[in-house]
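I'd like to ask you about the structure that follows.
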Amino acid sequence: MTEMLARFAPGLQEWLVLCAVLYAIGLYGLLTRRNAIALLMAAEIMLNAAALNFVVLNRFTSPQLVDGHVMALFVVVLAAAEIVVGMAIVVALYRIRNTVDISHMNYMKG
Amino acid sequence: MQFVHTMAAAAATNTTWTPQTLADRAVDSVPHSLWLTAGYFLLAVVGVAALLSFLGMALIYIERKIAAHFQCRLGPTRVGPFGLLQTLADTLKLVFKEDFVPPKADRSLHMLAPFLALLVPVVLLALIPYSPNVQVADLNIGILFITAIGGFGVMGILIAGWSSNNKWSMIGAMRAGAQIISYELSATLALLVVVLFSGTMSLTGIVLSQQEGWWIWRGHAAGFVAFLIYLVASTADLNRTPFDIPEGESELTAGFHTEYSGLRFAFFFLAEFINMFTVSALTATLFLGGWMPFHVGDWTGFNAAMDTIPPGIWFLAKTTAVIFVIMWFRWTFPRLRVDQLMHLEWKVLLPLGFANLFVAAVVVLTELYPFPLGK
Amino acid sequence: MIHAIKVAQEERLFAGKSVSVAVITRGRPPGYLRVAFSAVTGLLRGLWLTLGYLWSPEAIVTRQYPENRATLQLTERFRGNLRFKFPNEKAQEDHAAFIEQLAHETQTHAHVAADLVREENETRWYHNCTGCGKCQEACPNASIKVFTRQGEILEDREVDRFVWRLDSCMFCNACVQACPWDAIEMTGGFENAVYDRRLLVYNLNRLAGPRINYIEEEENPDVRKRMVERRDRYGGEVPLNGFALPNLPPVTTPMESGSRAIDADAQARLT
Amino acid sequence: MDPESLLALVETEHPSIRRRSHADRPAVSVPSGELLAVMTTLRDHADLRFDLLLTLTAVDFPGEDRFELLYRLYSTVHGLWLIVSSDVPRSRPVAPSVSSLWPIAEWQEREAYDLMGVLYDNHPDLRRVFLEDDWVGYPLRKDYQDEYMLELPK
Amino acid sequence: MTVHVRTLDELLHAPLEADSDLTTQEYLVNMGPQHPIAHGSLRVVVRLDGETVKEVIPVPGYVHRGVEKMCEHLNYRQVIPYTDRLDYLSAIMNNWAVAKTVETAAGIETNDRIEVIRTIMAELQRLQSHALWWGVTGMDLGAYTAFLYGFREREIIGEIFEETIGARLTMNYIQPGGLMYDIKPDFAAKVKKLLPYLKDCVEQYETLLSGNVIFQERLRNVGIVDGARAVALGCTGPVVRASGVPLDLRATEPYGAYGKVQFNVVVGTVGDCWDRYYVRLEEMRESIRIIEQLIDGIPDGPYSTIRYNVELTLPEGIHYGQVETARGAFGVLIVSDGKREIPYRLHFRSPNFNNLWVVTAMAPGWRIADFISIQSSLDLVIPDIDR
Amino acid sequence: MIADAVYTVMFYGFSAAVVILALAAVNMRQLLRAALALMGMLALSAALYIMLRAEFLAGVQILVYVGGIVVLIVFAIMLTRSSELLEDLPRTSTRWYGGVASILFMLVACGALCMTPFPVQSNAEPAGDEIRKIGLALLEQGSSGYLLPFELISLLLLVAVIGGTVIARKTRPRNQPFTTGGDLHGEAIVQAARGQGDVTPGDRHS
Amino acid sequence: MGVALGKLPGIVERFPGGAMAITRLDAAINLARSNSLWPLMFGTKCCAIEMLMATGASHHDLARFGAEVARASVRQADLMVIAGAIVKKMAPRMRLLYEQMAEPRYVIATGSCAISGGPFMYNSYTVVRGADEVVPVDVYVPGCPPRPEAFFWGLLTLQRMIREGETIREPGIRRKPVMAALPEDVSLHEIRAEIRAALANENVIDVTQAANQKPWARKVREWIQRASLR
């Protein structure tokens, strides 16, 4: 049992597939959702997948270095910045328009 | 100043500590026997659960007794000797009390929230070094992890307030969320000072780094100020008076847990007290040396005498002292107003915290005291 | 901000009069450091005060009620339970001794034993009441009802039942003050909690009959005995004044578990 | 100012008022039509300055078919007292509101409306204050009937 | 001519003003009738915008018992125990108001002893009431320990009442023509022993709450009302005095033994919660001063000048008497028909009813937490509002 | 051997959980629940980071994502309390298009990733001193350093914070009073009020 | 019922010895419940000062009974202390609060106003004559207002009721002893039927008659006779 499990120990490919699946799920959310907050959440999933990708590649290709970690760190910070501004826009839009449905936000004047 | 200097320039003691956590043992045991690993795992779970229930009851009893004596009265006396079994009776009653979910509430979230609120202190209980050999796990990102996990507690409170479908709950939850997030900044800044001093984020590492003196005085004024900031900020994180705005009785009836009854309310109650313990334990660990005995300079006889007291007792004594201070605050001070609370955080504590961090950096850079900068 | 509080006395003309007033004024706000210092010292002084109480056990003022029942002394004038004065002291003392013995033998509280003893010396219940009804008139909310009867021996009005409603009494002492015959008094009793409010109606007199001095004027013990009649605890009708409120579900005891249905309705109506 | 000169002053300002007997303090009776004008004078006249409306209440006289409105004024400037009374018919109990002069009258009038059923004209917010809005009747009227209420047994 | 009568529902569900901004989210919350700040059973509907109070609508009546109607069936002695149950924290002073009115109207003389004892008792009760208020204010602002300290002093004064009067709360002590009981021989000694302790307690109050920066920040400059407006809103007692108006019936129309003693009317300058707080604290000191001056020379004499069962009938007309209770001017207005020994109409001028409405002017613009401070600084007793 | 087996179990367990939670986050009708699912997903990603020996990053992940971002989302959901915000259900047609597109993308990406020959150093263990290394890398100026991006990203954060505050700030309605407990404020009100009739703090601004 | 309860008693009772275990559990739970009565302070009037404040204050200290945890939220309270007059306007709200309390819930009515309308029984057009017209009351504590000690006596009486009269088999049903002080060999079982019948359909009760007719009353008489013979 343990031997069989050990044989299936995940390599680089498995990790990368995981990242790709997560990214695709995020993409799906981004394409289907209409609510602005939900869109931001989907974008978070995609960013998370990207960060994971960086770390995975760092771990498998150059474990002695930390460049992947640093890049993932930057991604996390970017995600935070994005969500702050995004949420602020959502709240402000809601105040003005009383809606957060993006299909209603198709003209420029508030 | 000379006194401080003497204390800080502590002589190396004969004792050398080689801490070993339960997780270490479990990992070491993996090649030998999985049963042993499972045993260690079980021991950790049972230990934390037992600690949880014991601490909850003991702290509630202590709080009631201390409050009573602050107020010239006796406190519980009628259940068991000195009322010792009072909280046991309360617990039993709460377990068998009706668990009511309001008709318009979000049922599943309403039931989930108390567990989420209790999750944080339970995880933190596993990370605290009670004694050199009594600790469930020691992460090398310990402090980062502790700060990070605080977010879960906020989620529990927010969801509790949201799902109850009650105006007071909602206001209480929003207040709690805003308050905890704000004050976590200051708490983190205070923690960073200790990280800066000890050069490690592992809790055991921090305890070991205080062998030659506790950070509260060995870190100059910066250590002491960080201690004060952390004490205030963590009191606010706990939602206790003078920062108990989220559940301020005279305004919000009972805040975010207004609609909770029975066992689920008990969970919130328990979470509050366990949180108090973990915060006090962390304060003791980070600033007061944790389980490290009290040593003074080169008084070898004195130091040896101190070493005879078991480290667990040291830990407990320091934690109790901090718990007492937090309770003392509660039974003396009135409650702040929301804007005053935010004023205190953003205009007093946060700038002070940054300045303090700067001072600490200067202390470390100029090496005002000869202490090892990390490993 | 911590200001200095000043209280200054001055004379002020008000409502056509010179009134001596104490004016509370505040100084200018002090500087930042002074404020911080006084804020911290103020907090510390408060902490010190409470710590002082924690440290001194003699400050505890709690009286432990159920534990101190034996030694609890109420003040002489305390307005607790209303009761008849029974002036026959000799008979009182004899009876007290008997009750004590009974309580000792049956190992119960004295008041339990006293409640249950029925066969006893009637002379101890001779009272001062004439049934004049002054107390009933003085009572603001009709908590006293005096039933009188025409005495057989003396052929005069005498008290039959003196009904006192503890459940509505407001303990204003008016009845005691109004009584011209010094027949009733307020005592220190207060342990009256019951499960059923119907038990809160008392018959204060133990004997229906004339005032004690009329009885004692009579020499013949048989006639004396015929002048009075035993009265037990109140057994007549109790005016409960119970009406159900409109728009409220009727009260059922025990509560059925279906009572939750009312919750939502009531909530909808009220909010 | 002694009571006599106070009354004389008020009478000179408003000749329509009458002095009222059976009162422990200087008292005047005002026709309800002129109430507001008299009250304004009482509040604003430099020698009077009745700025505190201590009580505002109504008394029911069913036999005489009238409500007597009683206003008790106090001047914190001169230390004067005055009782102002005014009759309104029981069948049509409408009186002018003095809440524009003394803000507290708003609630005192609401109380009088609630318990006695006196209607105040130009009142900013006339509604029941103690009883529920759907309460039937005005309890302090002498002829108030309530099947819930019990007579005190004699 | 029609007079429009509204209902509470109309008021609460009234549409927002037409020009109000769309972006504000106002909502109504009910505080009470069973809310910790309700101090019993006052319901306050608060219109909130976020945390800010936009409008306050007090809805009293949750203990409206119809005492005025009941009093039309009671004689003047029987009215007195009901005044205990209005402002129960100033029971003795309320008793005094009825007794004073009846005495003045019926021409009953009292002697010096009665008046001095009445004054001492009233001042003791004022101390008791203020001690309780201090504690409750502390509790409202989150300092629970303060509540217990305040109540400790209240109990200690209450022991003196219990010994003399035999009741703890509903005293029914002062009666037309005298008192219910004479004081006990050791009364003066006991009160004298108590006074230094009370002084010490007031100092402790200063240390625990007045000196606390949080407490000061919660009260200072919150809920300001100026003197003229307070008078126009019918406020009396510490509320109006805090706004700088020295309206104190003990000084402006001395009754009892107040004419013989030296004391100051405490007034504030700003009229905020802090002034209302501190005025009461200073009044405790003044009360102690009054008792100190009187306690040594209690004159001799009977404790009641008329017998209890004497019929009391007032002459026809309007009779009014008022005293300064711990919360302001408590007045009794009796309309007598001169024939029966019961009043034709009896109206209580309750200080709390008149003090309550000032919140509608004070609270808007402040936060909920400030509303708590404002309401506890008014020191309301709800049964006195509702009667 | 055992370690490898445990590693395998953990990987597939966590991966399945993460994928399920991510699917829940994009499919849940109620936004608050979706946010909770997102929180779980991000927290479990932290566990994946730990498996990859990136403990520091795991801590940062929880700190920033769970403690910050999700709380912010939950706050935003609660602040703008409206039924539309609470629930969001995509149309079926949109779902089909979105699903097909994302699955196609996933297949392409997987294919590309699996076919690319990465220089894998599978048996090399990390030195275990990442935190120090990350710190040094962030502060290093040379070609292997990230000082400039680090400074830029902190600037970005600052800009984001300020921008967010400015955008989301509520424009004060005309009648809303200014209510800090400032000290001279009170006296000013009194003086203002003495002139006028009405005493509300709001009068200063009207 | 609590999270752990529900169908538990029924299941346990099917096993041998289950009934015994339930009885034991009952005893433990009742002991816990009786000693952990967290009050909901329903004070409207003067009694509130005595019942809700003075009892909690230092001189009397409700905390000794474990009852100082005054919950502002109804859901967490076990005991509703009604102190003061209940008027018609308040009655529906009191009922609502009572409905919102979680089982098991107890009610103590303190003071004349709450018991019977007291001072305001006659000539008052609003006062409800007794809180038990609105909610079921477990214990009445008379007085106007009662002393704090009287309240403690009422609390002890209630504790006794909880200890003797409850079982988790039938949640929500209270059994009240008729008299405050029962003789030793009279069981609650015998009284149960009597008090239920009395509370359900009678508005007026003849206490003496009732006491003499009941089977347990005979035991009381015998007991007294034995005592007086000795």
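Order as written gives the chain letters A, B, C, D, E, F and G; numbering starts at 1 within each chain.
Keep in mind that, in the parts below, contacts are C-beta pairs under 8 Å (C-beta built on N, C-alpha and C of every residue); 3 or more make two chains touch, one makes a residue touch a chain.
Just so you know, these numbers come straight off a predicted model, no measurement behind them.
Fewest steps needed to get from chain C to chain E, stepping only to touching chains, is 1. Shared contact partners of chain C and chain G, listed by label: B, D, E. Of all chains, the one whose CA centroid is most distant from that of chain D is A.
By count of C-beta pairs in contact, D-E exceeds the other of the chain pairs B-C and D-E. Note on chain placement: the centre of chain A and the centre of chain B lie 33 Å apart, centres being C-alpha means. Once the centre of each chain is set as its mean CA position, chain E and chain G turn out to be 35 Å apart.
In this assembly, the C-alpha centroid of chain A lies 64 Å from the C-alpha centroid of chain E. Centre-to-centre separation between chain D and chain F, using Cα means, comes to 66 Å. Annotation for chain B: residues touching 2 or more other chains are 70-74, 77, 249, 253, 331-333, 337, 339-340. Shared contact sites, meaning residues of chain F that touch two or more other chains, fall at 2, 56, 60-61, 68, 75, 79, 170, 181, 183. Among the residues of chain E, those touching two or more other chains are numbered 23, 35-36, 61, 64, 66, 69, 73, 81-82, 84, 145, 148, 152, 155, 170, 208-209, 212, 214, 217, 220, 229, 245, 247, 252, 270, 361, 367, 370. The residues of chain G lying in touch with chain E in their complex are 42-46, 48-50, 53-54, 56-59, 72, 84-85, 87, 89-90, 93, 97, 119-120, 122-127, 144-145, 147. By the touch rule above, chain C contacts chain G in their complex via residues 60-66, 72, 80, 102, 105-106, 108-109, 111-113, 115-119, 140-142, 165-171, 190-200, 232-238, 240-245, 247-249, 251-257, 259-260, 262-263, 266-267, 269-270. Interface residues of chain E, counted against chain D in their complex, comprise 1, 3-11, 60-61, 64, 66, 68-69, 73, 104-105, 228-229, 231-234, 245, 247, 252, 315-320, 322, 329, 331, 333, 335, 344-345, 347, 349, 353-354, 356-357, 361, 386. By the touch criterion stated above, chain D contacts chain E in their complex at residues 21-25, 27, 51-55, 57, 59-60, 70, 72, 76, 79, 83, 94, 102-104, 106-108, 111, 113, 115, 119-121, 123, 125-133, 139-140, 144, 152.
On chain A, the positions that touch chain F within their shared complex are 1-3, 5-6, 8-18, 20-29, 31-35, 37-38, 40-42, 44-45, 48, 51-52, 55-67, 69-70, 72-74, 76-85, 87-92, 94-95, 98-101.
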